[in-house]
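Okay, so chain A shows up in both of these, paired with chain B first and chain C after.
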Partner chain A sequence: MSATARPGGGATLPGHQPRQGGRRDRRRGSARRRREARVAYLFVAPVVLGLLLFTAVPLAVSFGYSFTHWDLVAPAPTFVGWDNWIALTEDPRIGKVIWNTVRFILVGTTSFLLFSLLAALLTHTPRRFVGAYRAALFLPYVLSQIAVGIVWRWMFNSQTGPVTLAVELFGLDSPDWLLDPATAMISIAMVTTWQGIGYGMTLYIAGLNGVPESLLEAAKIDGAGAVRRFFSIVLPLISPTAFFLVVTSLIGALQLFDPVVAMTSSSSAVAAAGGPDNSTRTIVLYMYNQMFNYNEQISGLGYAATIAWMLALLTFLVTAVQFLLGRRFVHYEGAEPARAGRRRRTRKAAQP
Partner chain B sequence: MSSRTRATLATATVCTVLLAAACSSGGGEESDPNTLRVAIWGVNTDIASIEEAAAGYQEANPDITIEFEVGDCGPDYAACRQLIAGGNMADVLVTGSWNYFDMVSDGVLTDLTPYLEENGVDPADFTPTVIEALETSDGALHGLPMGYNSQSLFYNTDMFEAAGLEEPAADGSYTYEDLRDWAAKLTLDENGNNAQDPEFDPDNIAQWGYYNRIALANEPGYGPVMAAWGGGVLSGEQRNECTIDTPESIDALQYLQDLMWVDHSAITPQLEQEEPGYLRWVNGQVAMQQGSYEQVSIVEEQNPDLNYNIAALPAGPAGNATLLQIHVWAAYSGSEKQDLAADFVTYMSTEGSGQQMGLIPAYQDRALGEDFAEAEGAPSNVVAAQIEPASWPLTYVNVDPSNVWAGISGQDGFGPAMEDLISDRATAEAAFGGLCESTINPIIEASGQ
Partner chain C sequence: MSALTSAQAPTRAHPDAPIRRMSGARRRAQTRSVGYHAVTIVIVLAYIFPVVWAASMSLRTDENMFAADQLLPHPITFEHYQNLFAILPDLLRYFANTAVIVVFGTAGTLFSSALAGYALARFRFPGRGALLSVLLLTLMVPGQVTLIPQYVVFRQLDWINTPLPIIVPLLFGSAIATFFFRQFYLTLPRELEDAAAVDGAGAFRTFFAVITPLSGPAFLAVGLLTFVQLWNSFYVQSIYLSDQDSWVVTQALQSLVGRYNSQYGEIMAGVTLVSFPIIVIYLIFQRWIIRGIVTSGLAN
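Let's turn to the complex of A and B:
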């Protein structure tokens, strides 16, 4: 270790000898460091305490609940061992809800990432009214998902909705958007994409602004066309931004709930959401329904907690895979990608 | 320990205590023994009507304070569960026939039977269909009726007159075939052709003949029609025998689908999504709708100039039928003020009953007096259309003594079949045929019934 950071800010540099002031000075210095450490601990205590109380403890408690059955009405949960976890593996509906979530990711997350990038490419260079375009694209992001869902529910009305009428204007047959199992999830994905584009665009613009103009100019002089410049220079340099968006949007997609409830509930009952024909019932919606639908023997808080933990593990797994892939595909300026660096080092070592 | 260290530790302790205090639910608070917390719900007029009814109790008991808490606990059992788990449940609540037995089986509601005897309240003083629906298999009552609503036919008298049709008989002495015929004649396209005219344009309808809540996949919509055909989703005393795929049920469901998609005379789910069908009736776009008495107050508020009346629902192949939904006063079994809560519940459903949430009072003959039938603004046919159908043999209450309704009516039950039916993706036979064996019975069996 070249330098040791200490609580309180003191650091001992290599080669630096403490002043030869005798035992008394050393004791005084040590006491001061202890005092400073205590003050430092005091400053971080609220954050650590909050983290423990509001994150670590609920996590541990929810994991504990996954081994219990509780309908919230009984005075206390009943310990049921691994029953909930076994039930999860035998639940015939869990495959369907995971598949529904994956379908949303395939359509919704992919289109969000692509259209955000497209919006950023179209608006990152200063031109007339670009600020207004950006504001218009960002505006939906600040709206409530429920409000947006309700409005789009009307927009998708398959007889009189503006989307339907727009499709019919081109002489095409409009689908039954939210009433057809084939198109309901796609419709929800379209809405979440529309709402999220502004956020993705803003981050991509920040990434695009960090691309050195000199590199693009040099590539242009070397004869690289716009497409080549985009794929060989721009895309690698904004890959950290894209990676961040991929990770966070996937985590968000795995937690899809509000738009589904707003767009598929009949008579605003959450229990009725997830249709038509279960085609939009996502993992979180299923978890919610299991939490509050006690009409089956295996349901309630315990089973909902088990589903929540399954979702957490799934999220962790997906994120871990993304980080592994990120090592290969994400380019951090000033840092060599791990594999490329290793390959280069190997090649160097093999040279005579 | 230095003074600074002590100060540091003291500050940290205070922070911890404050954080812990912020996290506590406050469930340990002792409440005032003379304060009764009452959970209520509904629109502003509903809330006001309950508070007005409770004023009599407060007048008679000046030492008691009633605290009303408006929320979702009552119509939505999940909201009550959260309050119970958080140790914050009110002493008294208003539940509904649709989830009353769910609460009873969980032990959430106090058994009021001993209190009734003590207070001299005779269950025979209530409308028989209503009070019997709330009795458990051992005859216990865990709640008392605030009142009930009944499904009737609300019709626009101007539209009937313009079409040259006689108004429906107030006592329900007409049939669903008559209703179908009227619905077609009352449905007009933008050129004024009715739905029986060969020139009728179903893509440009200006006035619809009929609205039924089946467009919302809602039991108060399809339930009475299925019952009039001699079918239903569930049957049996405990409502745990699946009958949704009997020929009678399927015929009734097919009838409703045909009104929407063959005759084009009824509001479809798509139209419902755009603007609720009952509002279309209130606004004068629909000639007839099946609905409950709350329509009267909605018309008063939103379109007082609407000329309308009510008739009892028509007869199907099996006879006349309607659906009753009861709002129930109940005491929370975990309350420390059991006597006070039971006393208040008894008052509100007996002496203080009437004019609460716009319901038909179930106590004695109050429904026939100023509290309902003779109230200002009540339609002229209200007795025949709203009160008398409660005694029809096929009339039923949407209680769920076996606690299976949520499971069988949702996406795991007949929900997808109902969506297929109302969206015209499948006929009633294709959507519901064999559904009991394949889907509903396993859910009922899994629930232990």
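Let's turn to the complex of A and C:
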């Protein structure tokens, strides 16, 4: 509350006095700047240390491990050169897990983007009860993917599951959802979409609220219909939100793990997940198998590290492609006028 | 209801054009509004059906488990909850294990990320831009890549089956939380620090005595998001906590799958118990959680 009692005039304080040309002043300024930097380094020290200890160093060490063979029984890793990377290109299961992930993305990420937008369009106008609707739509997002997966495992049950019963209510033959290799990954994608809609919706609503009413009003006067207004005005203006959601949801999709474990493991062991017929085994699940499931191992931690690095490279590649595409298709509102304004101001300042 | 009839009444009584047009428009708007709410309510109810139905199943008797008219269970039974504690006698211990990770992990994340976020928002120092870019880049690094070397070290330290491998990295903050705090501190008026500087307070005094008391909303938003995320997480826990005594609640839930596949009452009781604290927190602090999501989304 006390933040509201800010001085309107902004009294000139010692720290804010415009620097005058004097040499002594400049030296004092640089001393102050050095002191400020010292304090700043103390403030960021934990985060920087964490970046070094838990990201930078492990990233490099992990790359080193990818050239070794190490089942955890042996006391130390043995160097095997490019063997793991060669094995990676020859391992048919790698192709399989990547294809499984792509299938997940095709259904899951697209439906997530679409349905979150629909949910946002449904609830973005402030009116009565809208808060309650939003709260209900957001609820699944705060639940654990394990709990949600277990509930949906039952929803998809081929005898008593409500999804199956609902399909049969329409006189259709229900697929076996999680039990059929053709539909298992699609079922998982449906569940992650269901759980994520609230998140996407929340960000889309923030984006939609940023669309200026005057623009829509002007288009209406010019005779643009609701559909035209949506595609020509609203969609370009919320494209940064959509872009952010695409980038983050693809990074997440590449690391798919928890929902697969909850919905497909045939026993309580994590390593048993990925069925039926390996149709839902993901990159991270396969890496887990390589770490702990000894009967499938190629070279233990070494190969697991290779898979992890492949995942990192894949993530980097996918994100880089998106940023290249994003430069063409994402419209950042205000970017142009702001630049023009700055140019004008500098020109004016240069005149006298 | 009364609004509807009063809107209809004048049309019949006074047939002059302007009034009729107005009430006609109003009526149309009203039908549209009723239609909107009807459609939305159906969608929302269908949407949260699995959550409600799961909780309801946990309270039904076995013979009523699949009956369609049991949305509100009658008779209500708590036997599945009793059975759950028979299947998992250490369930409370798993809750305690989870709480330890959540509390220390959240506190550590908040402390370190707030400090770094503040420095990134307020101080000019060589390497600030680089640090921001590096933090942004780490969002792209999958946790799996850094996991294996960490696993090796933590195993060497004999930390497997303790919460330490999960808590200790969190004590050094997180990139997303740091961005969030930076975004928040950029919106605080600088006059606060200037006034503190006039009073002779150093940077740390200023941060802890002046800035932190005003940062409640940011701490609440980041804290809640971290809390929920840690409570729900499973992957890292399944790597480090293989011994049953060290399990967290999500692992206990997963352990029901397979072994007790047909005991829906017990499974749904487990799901309900594990989700209950999160749902309560969500219902109380919904506004802050949403604000946290929006701000961290926009910050990037």
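Note that in this section the second predicted complex is superposed on the first by the 296 of 352 C-alpha atoms of A that agree within 3 Å, B and C clash if a C-alpha of one lies under 4 Å from a C-alpha of the other, contacts with A are read in each partner's own complex, and residues count from 1 in each chain.
Keep in mind that, in the parts below, a contact is a pair of C-beta atoms (placed from the backbone, for glycine too) under 8 Å apart; a residue touches a chain by one contact, two chains touch by 3 or more.
Model, not experiment: these values are computed from the prediction.
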Original post:
Where does A:89 make contact in the superposed view: on chain B (first), on chain C (second), on both, or on neither?
Top reply: neither
Original post:
With the two structures laid over each other on chain A, which partner does A:153 touch: chain B (first), chain C (second), both, or neither?
Top reply: both
**OP:** Would you sort A:36 into first (chain B), second (chain C), both or neither based on which partner it touches?
**Re:** second
Original post:
Counting residues of chain A in contact, which comes out ahead: chain B or chain C?
Top reply: C
Original post:
Which of the two partners, first being chain B and second being chain C, lies in contact with A:308: first, second, both, or neither?
Top reply: second
**OP:** Name the contact category of A:73: first (chain B only), second (chain C only), both, or neither.
**Re:** first
Original post:
Given the touch rule stated above, what does A:58 touch, chain B (first), chain C (second), both, or neither?
Top reply: second
Original post:
Does chain B (first) or chain C (second) touch A:214, or do both, or does neither?
Top reply: neither
**OP:** Would you check which partner chain A:277 touches, where first means chain B only, second means chain C only, and both and neither mean what they say?
**Re:** first
**OP:** Identify the partner contact of A:138: answer first if only chain B is touched, second if only chain C is, both if each is, neither if none is.
**Re:** second
**OP:** Enumerate the residues of chain A that count as touching chain B in its complex and touching chain C in the other.
**Re:** 39, 42, 46, 49-50, 53, 72, 153-154, 160, 266-267, 272, 291
Original post:
Which residues, counting only chain B, touch chain A once they are in their complex?
Top reply: 2, 4-5, 8, 11-12, 15-16, 19, 23, 78, 81-82, 84-85, 102, 106-108, 216-218, 268-271, 273-274, 403-408, 410-412, 415-416, 419-420, 423, 425, 443, 446-448
Subject >> Residues of chain A that touch chain B when the two form their complex >> reply: 35, 38-39, 42, 45-46, 49-50, 53, 71-73, 93, 153-154, 157-161, 176, 178-180, 266-267, 271-272, 274-278, 281, 289, 291-297
**OP:** Using the touch rule from the top, collect the residues of chain C that touch chain A in their complex.
**Re:** 33, 37, 40-41, 43-44, 47-51, 53-54, 66, 111-113, 115-116, 118-120, 123-126, 128, 131, 134-135, 138-152, 155, 169, 171-173, 178, 188-189, 191-192, 194, 197-198, 202-204, 207, 214, 228, 231-235, 238-239, 250, 253-259, 264, 267-268, 270-271, 274-275, 278-279, 281-283, 286, 289-290, 293-294, 297-298, 300
Original post:
Residues of chain A touching chain C in their complex?
Top reply: 2-3, 6-7, 10, 13-16, 33, 36-37, 39-44, 46-51, 53-55, 57-59, 61-62, 65, 72, 122-123, 127, 129, 133-140, 142-148, 150-155, 160, 162, 194, 197, 199, 202-203, 206, 241, 244, 251, 254-255, 257-258, 261-262, 265-270, 272, 284, 287-288, 291, 301, 304-305, 308-309, 311-312, 315-316, 319
